[in-house]
């Protein structure tokens, strides 16, 4: 049985002034998939996330979630419909505790403070922050901030989770831990689209990879297919990125 | 079963009990008036705190809502004899409406721009108030101000010859707003407002309709402030546009909340009580020195912003927690 | 007063507004702080200038030599010892408002300090030229306003040259554009802030000095001017130096000309509406660059 299409971008283009940041991008995400979005710096990866999550409105094209056109909806409406995201530069509510941060996300699906706390604790357990639940978010280490970022998004009970470089800035041991965490999240039934600079990890995690260069999709396929694609190699080598 | 005989319950209860007993021991109407004003300022600072503290929107124009409540209720009272008790609701609602009118166009503005816009609204409103002497056939007094008709002892019209009822009324208002803040702090709306204060874009990404949350906060804050204005009108019985809608009123409300600790349940209350008492004391002790009490206000605000940006609450919290712990310890010892 | 006279006198006053607003916009442009004490600083300079004139017979324009450096120092020290610690503490806050609150507190403290020391009297340095005017047929131009205007323009010109031509001016502009980059370039950002606040305060002081021969000073006179300065900098674009000057001229002109046709208060209301319209619809003002807001 073919899997259900969860997210679909149809010919999405966005221009900032004269600059085309994303050009005629189309792709489908199937329910239960874990897909990597890679590409050199400035390829427009984060812009794609901002388009999907409603921060930007596409100049042309449409975005569908579960068959519903979500183009032009506000970020909070898109989050309501089941897309959670993290930010590349983490954005904790610094003056508040870890638990508080995650409860803000959990309140999306409940009005009850106790239920929200329960949900948040559950998520904190999953991302491994339970023991730091009372620490102020601004006092967390980089790794834990990334975990928190994921936890906040998870607490909104998304069907699709957009992870923007959650592995960047981590040491190898931490990367392994984080990869394991993402696997756990995926196992719990959440579809994942991730942007990664740590290619090795992206390759290991993703069932499918899309490569973006200058706002265009230049390749798509299994990790093996993509890494042997000459155009991908050219795009990366031209930008001083070896495929590690 | 919860045990209600813990310090966490009986200490606040004791505090309220003491506040309730005060009029039995103080007969001077002058002192009672000051005490009522102390509670009233704590109330206003708490009302501001909903939007300025929890949501982090630095409103420097809350005088508008005080004036709205005061003028609406007083005009209805003077012209059609509507009791200020009802005027409280109508005045509060008119203020809430104004809060939304100010809040809606300023939704996009952040930080300093929002603060400047509220100054602009407040100044515009004040100028209109000064230059309006009549609304239809109703006299508003313009720059000369508006005298609220005095009926003598008329409880049904919120007028009393004794200061005691005014004191209790202020206490009730304060308890209501503290109760509300306590609820807000633990509610979804409170979490949402705090998230907006900390990082609005991140809040949006977590599914928070930030515009709606900010407008609700603006309306609630303005409503409570407007209700305060109605009380003020009956206590002072003279409305002067510059004093009630001007920068002095607006800034003072903000200062109290800042010094006490904005964004906390009890901070504005503590700030309101502390600063108002200091202000009144300097007024009494150095009544010939013009400006001294406001000079002290300014200096205290400056010192707090520099050295204790989280406010007096930080200084009070720890000893209080210690006290609770100590009392708790004793109780357990006694029980065993 | 004829329309032409009111146009000219409006522009003359507008120059002073522009000078005051320039200081405010400089501080905002570089430090991203709205200085609520700006009007209080203007008032302090007015009072000082008055007393120097009253006691020593020093002409206000000569008192510039003493008061301008004094105001610079006052601003410099204010930033160094009050604003800097607040900014440092709020480094990782996204919407820092501590500094804004601080200046609001300072404004109240300064105003009431002056009230305590000098009283609430209305003071004006009635110099020989205070009441003078140049009359050409029906046209009447106030001499002290003319002096004030010319001085304001000269100061504005010099200040602009300083920003464009000198190393320090360039460092200040770089800091205003991107604090992080300025740090990388080896600019001592904290010192630049102090200097910017000092210069901004000196500009407010100069505006106060040129006003004192024809405008009454009292402890709360700053409130009148700071609201105007707010309006002007929003009109001209927060952070835009030439925008402040042009904005000042426009507001001076509107005030003076509109007064011919309606009451002063309706003029004020009109200006507030224009102010809000700009703030809400075009916060970058007439000349401002687009800021992140």
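Going in written order, the chains are labelled A, B and C, and every chain counts its residues from 1.
Operating definition for what follows: contacts are C-beta pairs under 8 Å (C-beta built on N, C-alpha and C of every residue); 3 or more make two chains touch, one makes a residue touch a chain.
Note that this is a predicted model, so its numbers are computed, not measured.
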item: Far-end chain from chain C, centres as C-alpha averages; value: A
item: Most centrally placed chain - per-chain CA mean versus overall CA mean; value: B
item: Length of the line joining the C-alpha centres of chain B and chain C, rounded to whole Å; value: 33
item: Distance between chain centroids, defined by C-alpha means - chain A, chain C (Å); value: 48
item: Whole-Å gap separating chain A and chain B, where each centre is the average of the chain's CA atoms; value: 44
item: Junction residues of chain A - those touching two or more other chains; value: 94
item: Contacts with 2+ other chains: residues of chain B; value: 198-199
item: Where chain C touches two or more other chains, by residue; value: none
item: Residues of chain C defined as touching chain B within the complex; value: 28, 32-34, 82, 85-86, 89-90, 94-98, 100-102, 104-116, 119-120, 219, 223, 227, 230-231, 234, 238, 263, 265-266, 268-269, 272-273, 275-276, 279-280, 283, 293
item: Interface residues, chain B side, partner chain A - complex; value: 186-188, 191-192, 194-195, 198-199, 201-210
item: Chain B residues touching chain C - in the complex, by the definition given at the top; value: 56, 58, 60, 105-106, 108-113, 115-117, 119-121, 123-124, 127-128, 130-131, 197-199, 247, 251, 254-255, 258, 289-292, 294-295, 297-302, 305-306, 309
item: For the chain A and chain B complex, residues of the former touching the latter; value: 53, 55, 74-76, 79-80, 85, 87, 91-96, 100, 103-105, 107-108, 110-111, 113, 116, 152-153, 155-156
